[in-house]
Amino acid sequence: MIEEKILGCVEALLMAADGPLTVARLEILLAEDGAPDRKAIRTALSALQSDYAGRAVNLVEVAGGWRFRVGADYAGLLGKLWEERPPKLSRALLETLALIAYRQPISRGEIEEVRGVSVSSSIIKTLLEREWVRVVGYREVPGRPALFGTTSQFLDDLDLKRLEDLPSLPEIRDLDDLDAAADRLRAGASDEQEGEDDHASTTPEVPAADDADSPSDALH
Amino acid sequence: MIEEKILGCVEALLMAADGPLTVARLEILLAEDGAPDRKAIRTALSALQSDYAGRAVNLVEVAGGWRFRVGADYAGLLGKLWEERPPKLSRALLETLALIAYRQPISRGEIEEVRGVSVSSSIIKTLLEREWVRVVGYREVPGRPALFGTTSQFLDDLDLKRLEDLPSLPEIRDLDDLDAAADRLRAGASDEQEGEDDHASTTPEVPAADDADSPSDALH
Amino acid sequence: MSEHPADFVDEPPPAAILVRGERLDQLPDDLYIPPDALRVILEAFEGPLDLLLYLIRRQNLDILDIPIQRVAQQYVAYIELMQELQIELAGEYLLMAAMLAEIKSRMLLPRPSAEDDEGDDPRAELVRRLQEYEQFKTAAENVDTLPRVGRDMAVVQLSAEQVDIDRPQPIPALADLLLAFKEVMQRAELFAHHQIEREPLSVRERMSGILQRLQGRGATPFSSLFPKSEGRMGVVVTFLAILELVREALVEVEQTEPYAPLSLQVAGARGDRRGNDDVITSDGDD
């Protein structure tokens, strides 16, 4: 495969990935795109590294593999960006957390089974670091996988007293019930979630949550 | 020198932001970092745009502002990275979305009239949740039905800057053509008639798929 | 095309089902077509306008030149088939059937003059609606082909050195968490659903099978083509295969009178057989 094409593919993958990618992973991902060997991938990585040298963005090798990162010089600036608008939690993280909350104790393998995709270590790590989940035991099967459960920190942060306050599964089935349940909870909880309603940035005129109800109700 | 610094700051912010940033927003964020004016920021943006032209990641302007994104050239590769294919959008949802996009503001009843079937609440909900549409007002008729319009998020997700960038609607032929066709049918004439009618821009023989030339018509 | 008339003649003559001119029997009682399965098929259409468009387009007709008689007949045939199979139809489908019937009857009346009656020509209204619907149907397809973030494109959101640690992590809104859970569960179900769909019943394969069965035979009752043993998916696959065969003009569907069951034959066979009694065999299905 032409070196330039490998370079573009590696660049695309690293720019789009949630976390670092190892050379081995890149090799697997590129299996159908010319199937470069590891040496070719390493060549592309160092070419990219020099392409980006001196830019605000750098390609670095960290423990988990290779990743693009904004340079340390800009830490202050990015702090301002995030202060104003905290980053959104990724879909993958939310789904993992939701599965742990509802299906605990649950192993990583079981989460992956339901999600149909692998759960990255960095997600589990983030959840553990935030003390939203913890290891509550091990399943007594080969490999002794850790079982995860939620913590009291999780309940505190979500303003729940007990886990049972989470809406029940049937309520979740139906979107309308789900909204009703969320409203009920929100009505009982403090207003602290207001500040982080990042929907507001795209739909300034309409508070997203409330509005979602009104049209369909009116038209029922 | 100074320009280079602005360029780096803009690059860092855009690479780290979780959504597009407008020039105005960049100006606020850079207030302490040299406080460049909008012109300087625009200069930096176009310099960055050409720096990244031809790379796997590009700087594009969409409805919500400027952002870096990996383009559709790498769609296949990205699919592998994400593992899970996003679920396909149903025809019912797409048709509803198209009506909202091209006929906004439009009520649910009006959508149903064109589609000839009722629009399920869950479709409207899904569109609201994806933040592709929002309630833009209410029609002042009995029942005050909600009127829907598309959001900048919708355009952002399609890599578009303006509603006019949507593909134009296929043209509808004049109803007068119908009478001509009906007469022809009645007369049993299968021969083509020359398209000299001055009241119709297209003759019945022209396939409907012919592009409408002005999208603004379509968007009313 | 009766290429193998021998096969046809050789068949034992079981209870003959008269097609032309005479009322057909009801669907055999032992024929099991789960109504759900046909509902699935009906759901392939986005409503009466979509079904009508399909009927028009599959004959390569221009919307402006619809032979209303023919299309209305086919539409009604579909609707009656659904009703016969006790599918609960959305009111819109019945409304459309009524509209088509009205147009038909009006077209039989002599037109006073060419210019006089444009104002409330129900056919004009139908054509207008069909065009408008098709316009947005196409627009929807166009919108779907645009590159989309999350499907074809990725937005870049890098983290930064050093800031990683103090980067504020938001607390998820409960609603977001619930939504995530709902979606992951839905996806899990969808996944299971896909696996059912991937059962070794292929539409193409079924098309060949049906075509083969129809070769050298006259009109064959629609219902006899549904094997009882295959359950819901078998019915769906068979029905899709028939629709596809019709679309590709390989077979013709016919209904001789209102409420009569549909019958199928190889395209072009009807001409050959015209003048016959058209007594056909119900082949004591397998």
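When the chains are written out, they are named A, B and C in that same order, and each has its own residue count from 1.
Heads up, the rule we're going with is that a residue touches a chain if its C-beta (ideal position, glycine included) is under 8 Å from a C-beta of that chain, and two chains touch if they have at least 3 such contacts.
In this text, all values refer to a predicted model and were calculated from it rather than measured experimentally.
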*Going by the stated contact rule, which chains contact chain A and chain C alike?*
B
*Chain nearest the overall C-alpha centroid of the shown protein atoms*: B
*Compare the CA centroid of chain B with every other chain's and tell me the farthest one.*
C
*How many Å are there between the centre of chain A and the centre of chain C, using C-alpha atoms for each centre?*
41
*Give, as an integer number of Å, the spacing between the C-alpha centres of chain C and chain B.*
31
*Rounded to the nearest whole Å, what is the centre-to-centre distance of chain A and chain B, using the mean of the C-alpha atoms as each centre?*
27
*Got the chain A residues that touch at least 2 other chains?*
12, 15-16, 57, 68, 70-71, 74, 78, 82, 87-88, 115-116, 175
_Touching two or more other chains - residues of chain C_ = 154, 156-160, 179, 187
*Quick one: which bits of chain B touch chain C in the complex? Just the residue numbers, please.*
12, 15-19, 57, 67-72, 74-75, 78-79, 81, 84-87, 89, 91-92, 94-95, 97-99, 101-102, 114-118, 129, 156-160, 166-167, 169-170, 172-173, 175, 177-179, 181-185, 204, 208-209
_Which residues of chain C touch chain B once you look at their complex with the stated criterion?_
46-50, 62-65, 67, 90, 92, 96, 114, 118, 123-124, 127-129, 131-144, 146-160, 179, 187, 190
*Which residues of chain A touch chain B in the complex?*
7-9, 11-13, 15-17, 29-30, 32-33, 55-57, 68, 70-71, 73-74, 77-78, 80-82, 84-85, 87-88, 115-118, 175-176, 199, 201-203, 205-206, 208, 211-212, 214-216, 218-220
*asked:* For a test of understanding, state which residues of chain C touch chain A in their complex under the given definition.
replied: 154, 156-163, 166-185, 187-188, 191
*Contact set on chain B toward chain A in their complex*: 7-9, 11-13, 15-19, 29-30, 32-33, 55-57, 64, 68, 70, 73-74, 76-78, 80-84, 108-109, 121-122, 124-125, 128-129, 131, 134-136, 143-146, 148, 151-153
